Each structure stands twice: as C-alpha cells, then as structure tokens.
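Take this structure first; my questions come after.
All chains are identified by letter, namely A, B, C and D, in their written order; residue positions are counted from 1 within each chain.
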Amino acid sequence: MNWLHQLFNGPPGTDPSVVWGYWVAAVLTICIYSFLYKDNPLYKFAEALFVGIGAAYWMCLLYHETLVPKLIQPLFFPAEGDSVMWIRIFPGILAIFMLLRFYPKLSWLSRWSLGFIVGMYSAVNITGFGQGDFVTQIHATMTTALRGVGTGEIILNLIAIVGVFSVLIYFFFSKEHKGALGGVAKLGIWFLMVAFGASFGYTVMGRVSLLIGRMTFLLRDWLHLID
Amino acid sequence: MTMKLTAHLTLAVLFLAAPCAFAQDAAPDTTALPLDTVPPGSVSGLTAVDYVDNSDEGDRIEISWQASPDDGAGEGDVVSYQLWRSENAGADWDSLGVAGAGQTRYLDETATPGTEYHYGVAAYDGTSYSERVSAGPVVGRANLFQMTRLAVLVLMLVFFGMVLTFTKLAERGADLFVRRIPGLNAIEEAVGRATEMGRPVLYVPGIGEIDNIMTIASLTILSHVAKITARYETPLIVPTARAVVMSAAEEVVKEAYAEEGKPDSYNPDNIRYLSDAQFAFAGAVNGIMLREKPAANLYLGAFWAESLLLAETGFEAGAIQVAGTAMVSQLPFFVTACDFTLMGEELYAASAYLSREPKLLGGLKGSDWMKVLSIALMALGVILYYVNQESGFVAWFFTQ
Amino acid sequence: MAKKRFDIRSVDRRIIFTLIFVAVAWPLIQPMRLPIDVSPPVQTLYDAIEEIPPGSIVMLGGDYSPDTMPELQPMVETFIRHAFENDLRVVVACLWPASPPLVERALTPLAEEYGKEYGTDFVNLGYMAGGIVTLLGMGASIPNTFPTDYGFGAADIPSRPVGEIPLMQEVENFDDIAFVMEVSAGTPGTREWIQQIQGRYRVNIGSGTTAVGAPNFYPYVSSGQLTGLLGGLKGAAEYETLVGFPGDATKGMDAQSIVHALVVVFILLGNVVYLISLRRNRGAEE
Amino acid sequence: MRREIPLAITFLIGIFMLVDFFVPHHAVSTSAEEMKQWGTIVIAASILLGVGNLIRVHFHKIRRRREGWGYSIVTLAIMAVMFAFGGPWGTVEEGSAFNWMFLNMQVPLQSTMFSLLAFFIASAAYRAFRLRSAEASLLLIAAIIVMLGRVPLGQYLTRSWPQAIQLPTLTEAIMAYPNMAAFRGILMGAALGVMAMGLRIILGIERSYLGGEK
C-alpha cells in the first residue's frame, strides 16, 4: 500500500504540483504510444495539444526573450542612462512588413523582410560552408600522414584519402559514369554505403535511447518501480 | 593520431586563452627571500606584430617569444615574463604587463593606432630579471583584410568565377552536358502513375526554413512537379512546416498552374501549413497519407527525424515514394524505404537537370570542376606532405 | 535506388513493437551492468576540459529540445558537473527556444551540490532567435546578442540585463571563453557553431550530439575543428564513466545493448524470410 | 518595383555580410553587428508569422467544420491557455504555470513522439533492410558492426578476441576512416552547392524564394 500511496503522493515531501505533473505526463505519454496500436482519438487529442502548446510556447518565448530585449526595450523603455536606439526602428519596420503577409493588399511588402533574411543567410552560408566544410576539409585531407605512423594507420589513412576522392567523383555530373570513372564512382557508392550503414547504426542507437528515456520516466518517476 | 593532434592543438590554444588575471597574480614579488643571484636566461625569437581581430581598431599588438631556457627546464625557476613598451625606439620603457611562466604570447590591447612601438620582454625568477630582449618597430592598424581567410577568398573567387562563366555559357545556349541522374525520371513516373490511378500527389518540401538551400532546390523541383500535375489535372498536396515556405510554395505552384494555362485548377487549400513542430507535422502528413491516399509521395528537401515516420507510413500505404535530401543522416532510411532516392547533391543536380535552367546548370558545372580542382589540390598536398611534412606554402596559404 | 517489394508482412508490426517494449523495460528492472569502454573522441573531450586552468570561463551551448533529452540531458549534466568539479565558470547560451529550462533543470541540483552561485559561477543567458545570425552576433559581442539572461528559478533570481550580472562583466566575446561545449540536437547546432564560430574565432569546441548526428561530425573531429565528440547515449555514458559519476546514461546502457541485439536479430530474420521468398519466387518462375 | 527592392536588399545585405567576413576593420564589423541583431529580430517576426498562420489555419478549419475540427478547438484552446499564462503580461520563468505546462505536457509529448521512432525503426529493420545488392549488403554489415560495437554488449561478446578485431575497435575504425571519408566528400560537395546557391541568390539570379511576379 506504501507503493499506492507513493503513486498518488510521490515520495515524502513532494510538492503536489510535481505529482500531478507526472500523472499528466504519464497519461499523455500513453496517449502517444497508443498510436502504435493504431491511429485513434487519444493520439489525435495528444497531438492537437502538442501543436497548440508548441506554438504558444514558441510565441511567448520569442516575445519575452527576443522582441522585448532587442526591439521593445531599446525603442520604448531604454534602461536608465541609455538613450533610445532609434536605429532599431528599421528592423521594427522589417518585422512589421513580415507580418503584413496576413494582409493580401500589402503582402508584397513582406518580400523586403524576406530579402533581408535570405541575403544575410546566403552570405553567411557562403563563408561558413566555404571555410568550415570546404577549405578546412581540403587542408585536413592534404595533411593526412602517409609515413611516420604505423603501417595500420597508413593503410587506414590511404583508405580515407581514396574515400574522399571517390565520393567526390560519384557526385561528378559532367561525365557519364563509364569506364575508369564509372569504376571510381562505384567505389564511391561503396564508401557512401558504409557511411550510411554507420549512420543507420547510430540512428538506431539514438532512437532506442529516447525510448529508454521515456521508459525510465514511466517506471521510475511515475510508477516508482525502479530507482 | 587525430587525438594527439587535437590534444596538442587544445594545449596550444589553452595557453593562448589563459586569462590575464593569472598573469597578474604572478607579478614580481620584491620582498622575496632568499636571494637568487643567477638571473634566468633571456627569451629568444621575440616578435611583435599587428594583431588582426574580428573587429579591428588597430589597438592590438600580439607579442610572442620562445620561452627562456630556464622556464620549465634549465634552472626551472622562471615565474613570469615582464613586458615593456616603448614609444621612442627604446629610449624609455613603460611597464606593459606580465605573462605567467610557460606562456609565450601576450596581447597588448592598449596600443594607439598608428603609433610606432617597440616591445621588450625579460624572464623573471622571483629575484632578478634576465636581459631584456626587444623587438620593433610595429604599428597597430585597423586592417582591411583578414589574412587567415586568404584561402577561403581565393578558392571562393575561383569557384564563383567558374560558376558565373558556366552560367553565361549556358545562357548563350552552349550545350552543357549533365549525366542522367537515376531516380530523376522516377519523379515523373510517379506523378504519371498517380494520374492513372486518379489519386493525388503528395509533395513534402521538407521542414527546413526558406533560407535552407535544400528547401529552395525543392521549390524549384516543386515548380516542375506542379506543371506536370497542372497538365494532368492531378491534385497536388503540399504540406509545409514553415509559414514562409508555405507562402513561397503557394507562389510557386500558382505560377506553375498559370504557366500551364490552368490557373483555375489551382487549389490554394492544398498548400497547407500544418505545424512548425516536427512530429506534429509528421503526424499530420501521415494523416494526409492515410486519409487522402496519395499514390505518389515525393519527399524532397531538408528532413530530420520525421523522414522515417513519413517513409514508413508511405510504405505502409503502398504509395510510390521518391525521396531526395542532402541531410545525410536521413539518407539511410530513404534509401531503404523509398523506391528512389536522390542522395545529397543529386537533389541540387535534379533541379538543374529538370529545369535545364542556365543558372542551375552553371552552378552544377562550376561545382563539378571545382571538385576536380580540389581533388588535384588534395592529391598534390598529400604528395607534398609525404615528401616534406607540411610545406611552407601550404601552411601559409591555409594559415589555419 | 530501385527496390522491389515482397510481401513478407506475415508478422504484425505490433508483435515487433511489443518485443521492443519488453527489451527496453526488462534490463531497466533487472540490470546486468555490463562494463563501459571509452572511445577516443570522448577521451579527447574529457582531456581537453581537464587541461583548462581553474577559474576559466567555458560556454555551454544548449541547442536541443525535450524530445532529445534522454540522450543529451546526461551530457549537459555531466559537463556542468565536470566544469564545477574543475572550478570552471559556465555561461549557457541557447539557440533553441526549449533549451533554457532544460539546462536549468540540470543546473539546479548541481549548483546546490557544489555550492555554486548564480551570476558569479554560472549564468544562463537563455534563448535567442536567429540561429546562425545569433551565432555571428555572439562572435562580435555576447552581451549585445543576449541583452538579458534567463534567470534562475531555484534561487528566485528573475531575468535581468546582463550588465547587472557579475560573471558577464568578464565576457565580451569568444576571446574570453576557454572552451565551448555544444550540446546539439540538430540545426542550428554543432555544424553552425563550427562554421560560424570555430572557423572565425578559433575557439575550441567540443560537442555532444544525438547519435543520429554523430557520424556526420567525424570529418570535423579528424580535421581538429571539433575537440572531442560525444555521440548519443553511449557517448554520454562514456563521459559519465570518465568524470566518475555514473548517471542515467550509464543506467540505460543495458537496455541499449539488448535492443541493439534485438534489432540485429530482426534484420537477420527479415533477410532470411526475404531470401526464402526470393528462392520461392524463382522456383515459381522456372 | 515589387521585386526590385527586395532583390536590391538581398544584394546589398549579402555583399555587406561577405565583406564583413574578410574585412576585419572595425567600421565594417560594428555596423555588421547591428545588422546581425536586426536579423534576429526579423527572424523572430517570421516565426510569429508562422504561429499566426497556424491560428488562421485552425480557425478556418473550425469555421468550415472540416474533418477533425474538434481537434483544432483543442489546439486553439490550449494555445489560449498557455498564452494567458505566458503572454506579455505573464511570465515564462521556472515555477510559473507556463513552465509547468512546458515540463509536464510539452516535454513528454515531444519526447514520446520522438521515441516512437525506436519502434518504427525496428519494424523497418525487419521489413525494409534487405541484402538486395552488394552495396546494400555493405550497408547492412557496417550497420550491424556499428550497432553491436557501440554498446557494452559488443565489447562484452568480443572481449577475448584480439584487440584489433574487437567490435568497439572495428566500429571506431569504421567511423574514423571510411565513414569520415564519405562524409568529408559529402560535406565538400554540399558546401559547393550551398556556395553556388548563395551566390545566385545574392546576385539575384535565383529568385524563386520570392515567388512569382505580382
């Protein structure tokens, strides 16, 4: 009976809001898992809750954490001793333009805001990918050691170099993949498949971990069956 | 090997980043007893250079040196390094700061831009200083180029040159060859099959934002798919997870229908914003699959964990599935659960292949030849590295 | 990739589902406690943090949401513990809206255990929208990008301007950060940190990622752009082992082992069925 | 003009951000920093746009009594409740009702949704993961090695084997060499694609994101 008592009151000293929280969470968890049997109203109800909470959470957080400190405060309520940051009127206008998409007559103005974001993202992507994923990776390949390390490592390093080259060639679209080129491209697919296999393995691991997490919640926090 | 390298790098950077607060603690203590009459060996290889930071006001000079022979070795009694600065070529020295033992770098953040400075460094062992070594003159300037990014700039410009040249060529009607990408025709086949069966086509442009290049490539392909469905008058359902993507998809599909002369067949209710939340979105798309029974499911764009949910449910529902994404972590599932998969760049190549648009062809061809160039560069680098570890030029060019 | 379909759906999915369910629950109730080995990328990360001089400021990038908590929360907890053990001060910054309360959940018991004070020993800057644009802003100025913090509920400290927080007086940009631990569940996350921060500002970044993301990041480990990598729950368990405080990740490892074995069995079994059906089909054609 | 101005904005901001990367001069970086702050504000607005759209969609659904409109009421109602706690007048901090709803509703819902994948993966493993070809077999073998090598069980099963062929060693070798190489190739190719696309967008060659002419 001690267990039953714990189930409804939690360990001694637990705030009731925590226990209710566990119950709500457990019921919702089970609602979602009911989808495994088949799609049903419980699942749909939980899903509808999820959509609503997710959107409201995001909206409130954006307001409190981004718009207030960056737009509303600098413009309307500057901290004592600070002057009003008039320059923030511009992003304010762009933000309003973005929301004008709701008014068909003025929705074309939202393109200004879109242009701003897309332009910024494009540029930082060019330099970010250019440096992090292209130049640095070229340099890292160039400095692969083929001597001065153990034989095993030399072989593995050679495999790595061949792998990089053949995968790049697989993604070469200007020539038909025939003859020697086709052979190398084929090798590229093999490397890709090993990598995808590794990815698959890791993904299985990740998903299982999440399930373990939920199961731990149900068995430990809610039902107190394990510690 | 990687580990060792990383550990070394870590060590190096940690030394650089060690806060000056510690250096201050190690300041000379004049009351120290008993007297050590042998001064420590002096530092060597002192350099002072204008430091280029990311918001360069020309007020920083980087001073580096090789440790005193008595720092950590020899007598091992060096406790700190004293730094001085002079504005008149070493006639008067002002104390600048202190760096702890083991450190070989100091960042002077108090320089006046445009002033000529000399710097002096001496090792200190608690009682006496080594001979002062000096370097200079050096002038702090607000620099106009970040040299460490030279390689990025050069390779970027070469690449952009190639892209723009090929684009121009394509615009002039040059016949730029692109090999047939297996799986591309599958998209058209799938749409055709849906038409035969009188069932809709489902096109999921991923859950990426509009700034995501995969999403943009997907919208290009969507335009093509919309033209086919307009021609066949097959309903096209486009669920989206991002409001901005929805707006863009609306425009793209509407335009495609108009171009095919079927503006009235365009049904705005079929371009849907479902949810920003990944699984709510996946769940809602799965609902569409089960209720509206599309015969062809096309997943093209940026996908995360929802890929498996979508592909699995589509598989269950018996639809023809064609996927394409550059999100490599999702490719294994698409490869195993879909009829055709466009892997990685094939997605971008697909938009070029389908549209034959000069701009896309230009990008594709530019990338192709850039790959050839980078393979050549890497091969050359590997050989140079084999012959002579890291050659000076390579190290300088990539100054990583 | 072309694919032919064979109807081998003689087994109801729900049987598979039930088996998985049991395979997870059983080892949690009856643990086997198999020993945990440590892989090189985890060792690298641990060593890098061990090398940081006490008193330095490290940053924790919390870029995840509740869905990946089982994998990533143990990493966040262990990192904070590791930092507190070594007297490092921690600044938390989040690019995902859901992260700040999750990190706070990890901070609350650990701050009490180690007697650390909010505002001087650690600070939670909360969430800022913008993804890579926010990262770039942080490169220029962390306080300008995060004008207010998130606060700390456990000590009843509300959100306030960063100018009023002692620890933040010492943080202007990445010159002041000795190490970044980026715990990432997707985009924006580790890749964006590498591209926009590691590349530009040369700060050492170690990362904990979901298992799904981990294989993608090996090129960055190999090139030194990442100083260590924790991949998924196993990575977290290895890190817990190194730091010496086995927690949820370690407890989950037995279930992980059993389910993996089960999935392997499913694959093998599925293929046997597939090969038999292939042979039958061939027989029918001949 | 309805396209020219956005294209001009894209061009100017794009070029300026590129310049900011290569030019360390403080005159550039100071104004670039302000631009970046603007970016976060405009992106926040675009997310609000998404939420607004969601509300619109659900209202629409309810008004037209579309299938499942009851669930739309649930969605809007819970949104309203949450907004009542966490709106401009409310608080989102630890201990608030808003936070309680987040921790006890949002967290379990989202976690559980994600963990459903463990089940789906298992069934996909049984039904879709086939030795169809040499390539698929390679994928399969790598996957099995990694799956067993990344858990303590793999270590346990092969503990008496020579170090070099123990499953964890093999797994790490696969991850650090062939896997790394393939992903490096993918990264490099993808980076080029991203850069080319970025160039086209900045130069206004690519404008599909703006939609059609109006």
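Criterion: a contact is a pair of C-beta atoms (placed from the backbone, for glycine too) under 8 Å apart; a residue touches a chain by one contact, two chains touch by 3 or more.
Since we're looking at a predicted model, the values are computed, not measured.
Novice: Which number of steps is the smallest that gets you from chain A over to chain D via touching chains?
Specialist: 1
Novice: Go through C-D and B-C and name the pair with more C-beta contacts between its chains.
Specialist: C-D
Novice: For chain A and chain B, what's the span in angstrom between their mean Cα positions?
Specialist: 16
Novice: With centres defined as the mean C-alpha position, give me the chain B-chain C separation in Å.
Specialist: Using C-alpha averages as centres, the distance is 20 Å.
Novice: Can you tell me which residues of chain D touch two or more of the remaining chains?
Specialist: Correct list: 21, 29, 33, 36-37, 39-40, 43-44, 46-47, 49, 51-52, 54, 68, 102-103, 106-108, 110-111, 113-119, 121, 123, 125, 129-130, 139-140, 143-144, 147, 150-151, 175-176, 179-180, 183-184, 186-190, 192, 194-195, 197-199, 201, 209-211.
Novice: Can you pull out the residues of chain B that are in contact with at least two other chains?
Specialist: Within chain B, residues 2, 53-55, 149, 152, 156, 210, 213, 243-244, 247, 275-277, 279-280, 283, 287, 305, 328-329, 332-333, 335-336, 344-345, 364, 371, 374 contact more than one other chain.
Novice: Where in chain A do residues touch two or more other chains at once?
Specialist: If we look for residues of chain A contacting two or more partner chains, we find 36, 47, 50-51, 54-55, 57-58, 61-62, 64-66, 70, 101, 110, 114, 117-118, 120-122, 124-127, 129-134, 136-141, 160-161, 164-165, 168, 171, 192, 195-200, 202-205, 207-208, 210-211, 213-214.
Novice: Quick one: in the complex, what on chain D touches chain C?
Specialist: Against chain C, chain D makes touches at 21, 29, 32-33, 36-37, 39-40, 43-44, 47, 93-95, 99, 102-103, 106-108, 110-111, 113-115, 118-119, 121-123, 125-127, 129-132, 140, 143-144, 147-148, 150-156, 168, 172, 175-176, 179-180, 183-184, 187.
Novice: Spell out the residues on chain D that touch chain A in their complex, using ranges where they run on.
Specialist: Contacts found on chain D: 2-3, 5-18, 21, 34-49, 51-52, 54-56, 68, 71-72, 74-83, 86-88, 90, 92, 98, 100-119, 121, 125, 129, 134-136, 138-147, 150-151, 164, 173-192, 194-195, 197-199, 201-202, 209-211, 214.
Novice: What does chain B use to touch chain A in their complex?
Specialist: Its residues touching chain A are 1, 149, 151-152, 155-156, 176-179, 181, 210-211, 213, 243-244, 247, 275-277, 279-280, 283-284, 286-287, 290, 328-329, 331-333, 335-336, 343-346, 349, 364-365, 368-369, 371-372, 374-375, 377-382, 384-386, 390, 394, 398, 400.
Novice: Considering only the defined contacts, which chain B positions touch chain C in the complex?
Specialist: Going by the criterion above, the answer is residues 2-3, 5-7, 9-11, 13-14, 17-19, 21-22, 53-55, 182-183, 278-279, 304-305, 328-329, 335, 338-341.
Novice: So in the complex, the part of chain C that touches chain B is made up of which residues?
Specialist: Residues in contact with chain B: 1-3, 40-41, 43-44, 47-48, 51-53, 55-56, 67, 139-140, 173, 175-178, 186-187, 200-204, 212-213, 215-216, 221-222, 224, 227-228.
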